[in-house]
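All chains are identified by letter, namely A, B, C and D, in their written order; residue positions are counted from 1 within each chain.
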Amino acid sequence: MSDVLLDVRSITMQFGGLKAVDSLAFQIKKGQLVGLIGPNGAGKTTAFNMLTGVYRPTSGDILFAGQSMVGLRPYQISRNGIARTFQNIRLFRELSVLQNVLIAFNQHVKSGTWSAILQTQSFLDEEAELRSKALALLKVFGLDRKADEIASSLPYGEQRKLEIIRALATKPKLILLDEPAAGMNHSETHQLMETIAQIRKDFDLTVLLIEHDMKLVMGICENIIVLDHGVKIEEGNAQHVRSSQKVIEAYLGVEESV
Amino acid sequence: MKKLFFAILFSLPLLSGCTKSGDEIRVGEFGSLTGNDATFGLSTNKGIRLAIDEVNEKGGIKGKKIKLITLDDQGRDTEAVQVVTRLITQENVVAVLGEVASSRSKAAAPIAQEYKIPMISPSSTNPEVTKIGDYIFRVCFIDPFQGFVMAKFASENLKVKKAAILRDVKNDYSVGLADVFAADLKKMGGEIIADLSYQAGDVDFKAQLTQIRSKAPDAIFIPGYYTEVGLIAQQARDLGIKVPLLGGDGWDSTKLSEIGKEAIDGAYFSNHYTSESTDPVVRDFITRFQAKYGDTPDGLAAMGYDAARILILAMERAQEIKPNLIRDEIAKTKDFAGATGKISINENRDAVKSAVVVQVQGKSNKFVTTIHP
Amino acid sequence: MQDFVQHLVNGLSLGSIYALIALGYTMVYGILQMINFAHSDVYMVGAFAAYYAAKWLGIENQPGLMSLATLLVVSMVACALLGLTIERLAYRPLRKAPKLNILITAIGVSLFLQYAGQLVFGADPKVFPEVMPDITFFQWGDLSLRSSDFTVLIVALLAMVGLHFLIHHTKIGRAMRAVSQNSSVAAMLGVNPDRIVAMTFVVGSSLAGVGSVLVGMKYPKIEPLMGMMIGLKAFVAAVLGGIGSIPGAVLGGLLMGLSEEMVVAYLSSTYRDALAFGILIVILLLKPAGLLGRYQVEKV
Amino acid sequence: MLRSLKLPFLSFLGLIAVGLVLEFGFSAFIQITALFVLVNMIMAMSLNLVNGTSGQFSLGHAGFMAIGAYVGAYLSQHWALFPEGLTALNFFVYTLLGGSLAAVFGFLVGQPSLRLKGDYLAIVTLGFGEIIRVALLNMDFLGGARGIHGIPTVPDGFGLSRFMAQYLFGSFWVILCFFFLWRLVHSNQGRGFLSVREDEIAAESMGVNTTAVKVRAFVVSAFFAGVAGVLSAYFVRYINPSSFGFLRSVDAVIMVVLGGMGSFTGSIVAAILITIMPELLRTVQQVTGVDLRMLIYALALVLVMILRPQGIFGSKELRDFWRKK
């Protein structure tokens, strides 16, 4: 089982009397692209927040590359190699596109405070190197020409992209994408999904993707986990999930109530 | 952009510096006209202005009018330093009057000393102030004397054995006076059974007073300003404290009895003079002050007046209006009959004058005794 | 024992003043999530309004219920008008600005009122008219209880109940809560947020007016800077009780008063002023929401 | 290494040139005002790191200043590391120590910032400032309300006047402060500060240790505020607890806000303006007869917030204007 990258062992998140996530367990193998789907309010983002350390699970354990992540602060988890994007975009709004990416590089910077103050050669070299690396990364997504623009001035789709670039810049092993296609039209979504599949290959990544519209993920995910009311109701490939009675009920139930 | 700022910075003061002229005598005053201590600074300013206006009406000194330049230091030390430097190097004054608070006098005095411009503080009582140099004078008591006066009065006239102190810890005047009183009373065989503090600006003193009440002292020494003492007296009375309250010249204001009402009646404090005084100088001062401003002068106004008067007389006596000559004449002041009593300047450049102890009785203060230095 | 009870009474009496002023802070904070730094200076202006009104009407030396009622009305109206003006001119243009900008503006307004007060009213203290005779109604040995100790307490409690009723059981209160939750949604539902915010300031400022007259009666010395320290402490009291919570403000105020009193009584008078802030820091570290407040966690 | 000192050295030469102009062309009043400008520059820049760059909020900076000032004053009267002849060096040591103790307190005050945001933090720091003031009032060995007077100042010598010695000393620290902060902010550390200001949660998930970043901001900022305090003690030569009250903290906040949150050159320009404006307004006072300065000051604060909330420079630096032209 050495190829299991993420091992989620029965995590539960309780807010007061409400169990937002109840005994959720699943595994992700290295290199997989996994979808986490479910109707609104199913507990998907809560699960993400536990995986990234924003919330501490009430019970259960999360093993990443064999190490427990429970109790670590978000920045420590990030340094272990888990990166994420946010459902409601959280860019550093007033900073430039380039700076957004550079901040994500921070955890890998070697120069210390004093070399910055004394402007040593190694510091200057590293800064220049970071800059060219960041530009290269932006270029992959065609954002390099906008490097000096303020992040909040980008159009919506590009902000989403920038969030993904920023997450990639932390050099993660696992990237968690929280509804990356939210607010996009059909062709944009399609394009984005292809990009995601592409970066997985190029960056040698494992991807966990949240989406509440299950049709979107069907095409690209090898494994799909379905959540409803905080509980995992189904897991398997697209074929399997699509035909599952429970999944249909969960989605239909929601649609009826809407 | 920066250059523009600098240009503005330098041009304006220069413009005002150009107004210097030979047919007037420029005298500087610095004080807290705004800020926490504004009420004291403004009182002093009234006294000083009265003295200057009077002499100008009579034709000035040696045919020249006095121009008083008053600058506000907002009750801040750094401003005091800046302002006095400005008075001396920019406004070219020949003498400086100020400050009320010892702290700001101490901050500013080194500058006056350095430029050899005489400075007279109307009411900074801390002994250190005039030790800064031979150009620094004052017309008020110093803490050791006033503390001694009240300790002596308490011990001899009131037969106080056990006293409590309630001091304003924010105010160096109050702290200095309290320390001296405590030391002197002990020497006279008395005892300090409670020493509590408040901060100027407080309005509730019941906690301290209840504490003091439980110790049952013979008297309570409150060396603060009238602004708080009125309230303290009232709350002491509310709590049923009947022992005499004692204080210093910071009490001297008609506001004291207005705030304290009947609760302050019967309290004693040391002062420079009494408004009962029949001394024509004093009566004259009070009448003219009332005519000019429409209210009764308090102790700070009287001291501001005396400081200005001593300076004016020294300038009249001086051969020429030059700072060093004025200084010498101020130092020679002897038996000057001022609104705050007979003042002589001693070799430490402090005022030597006798203190009176008065008792508050409604709006007026009844003379009780005189204590000589 | 007598001393202890006396300290207790003193502390409650002082605390009720903090409570009364804290209500104004908490009210505005609850609806707008802003610290109205100028509240304590509105309170100062209220005291002067009452002072000049009493002089002008010639009732400075006629204690009685009539005078009290007159001065309360004058002071409340003056404060409400001032509060409205401040809201309209200084705060409304910043409704959407970052919180800190609003805080800085509030500090600016506060300084402005303090210095304008020094220019207009003069820096010297004024003596507040005697509005109601203060009587000792209970005496037991050294222990004496006075009416003024309890008037403020009772008024503060009444104001607390009144505010609670206003906010939770009236139409305008519902609108206030709606605005406080989400002002754009409230606007869609037909509530005019500007009007509601203005109302909030009217209510909060009138409370400052009530406070100023009652405090003036108790401590008959008023000056332009009188609001500064008492305002800071009242604010601390509001935070202590849980800012935004109406009963919290009263609880916080009383606790503040009591602890200040007890520190002087049993520890040392010198650190009395440091205490308020010491409590504040400890409370915020241990229980940032205050005793009765709710702390909102940012949603991710 | 040498190259990295080039700009600071050139700026220092520039300041010296200004100093020479002041020395020979202007009165002592302008000179002392210039010294206060230096102090306020450091004060504003240091606060800018916390309030501007890192998005925290301190309303108690006068407290750090007080600590620095008292350490500097006390040590200079009671302790000397270097013997006679090298006394000037002692003042560098005092200033370092004053800043360091302030930094220790900065570390302590930084702790609440881990849990509190915005105006809550502002009030806590305000409380800290008040606690320091009250504590100093009650410390007899530091003079209590009487303060410390007759503080020695930077010794003159080598043909330098006292003003020039003080001015050079102050300029040295201004340059040090500016370049330290500037380079810090324009490094990966600085991007950490900025990320915390922009979005703490996002910063954490990008691997930024926001706790460490915030505490570091407070420590560095407190250090320089302490340095500003030491300098003011040596320039005024008298300190007492009331010199470091709430208004002093507000002054610093006003400078940062006016200059533009996050702009260091903006802070410098604002420090110059705010220090000399009250002096310029005195001329108005001589016309009107009443002191309207504080009124204008307060009004200006409100108007800036309403009309130009981003301050003079916004988050831009002086050089950004350069580049555009």
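Following the convention adopted for this analysis, contacts are C-beta pairs under 8 Å (C-beta built on N, C-alpha and C of every residue); 3 or more make two chains touch, one makes a residue touch a chain.
Please read all numbers here as calculations on a predicted model, not as lab measurements.
S.K.: Which neighbours does subunit A have in common with subunit C?
M.R.: For subunit A paired with subunit C, the chains in contact with each are D, in label order.
S.K.: Can you tell me which chain lies farthest from subunit D, using the average of the Cα atoms as each chain's centre?
M.R.: A
S.K.: Give the identifier of the chain nearest to the protein's overall CA centre, each chain being represented by its own CA mean.
M.R.: The chain sitting closest to the overall C-alpha centre is D.
S.K.: Approximately how many whole Å separate the CA-defined centres of subunit C and subunit D?
M.R.: Measuring from centre to centre gives 34 Å for this pair.
S.K.: Between subunit A and subunit B, what is the separation of their C-alpha centroids in Å?
M.R.: Distance between chain centres, rounded to whole Å: 72 Å.
S.K.: At what distance in angstrom does the C-alpha mean of subunit D lie from that of subunit A?
M.R.: Each chain reduced to its C-alpha mean, subunit A and subunit D end up 42 Å apart.
S.K.: Roughly how far is subunit B from subunit D, going centre to centre by Cα mean, in whole Å?
M.R.: 34
S.K.: Please list all residues of subunit C that touch 2 or more other chains.
M.R.: Expected reply: 115, 270, 273, 300.
S.K.: By residue number and range, which residues of subunit A touch two or more other chains?
M.R.: 54, 86
S.K.: For subunit B, what residues touch not just one other chain but two or more?
M.R.: 33-34, 169, 199
S.K.: Using the touch definition from the top, list the residues of subunit D that touch subunit B in their complex.
M.R.: Going through subunit D, the ones touching subunit B are 18, 26-30, 32-33, 36, 134, 137-138, 144-147, 149-150, 232, 235-243, 247, 269, 272-273, 276, 279-280, 282-283, 285-286, 291, 293-294, 318, 321.
S.K.: Which residues of subunit C touch subunit D in their complex?
M.R.: 34-35, 90, 93-94, 97-105, 107-109, 111-112, 114-116, 119, 232, 235-236, 239, 270-271, 273-274, 276-278, 280-281, 284-285, 288, 298, 300
S.K.: Residues of subunit D touching subunit A in their complex?
M.R.: Checking each residue of subunit D against subunit A gives 1, 3-4, 179-180, 183-184, 186-189, 191-192, 194-195, 198-199, 201-211, 315.
S.K.: State the interface residues of subunit A toward subunit D in the complex, per the touch definition above.
M.R.: 52-54, 73-75, 77-79, 83-84, 86, 90-95, 99, 102-107, 109, 111, 113, 116-120, 123, 127, 130, 166-167, 169-170
S.K.: Touching subunit C in the complex: which residues of subunit B?
M.R.: Residues of subunit B touching subunit C: 33-34, 36, 38-39, 41-43, 169, 196-199, 201-204, 206-208, 210-211, 213-214, 227, 230-231, 234, 238-240, 255, 258-259.
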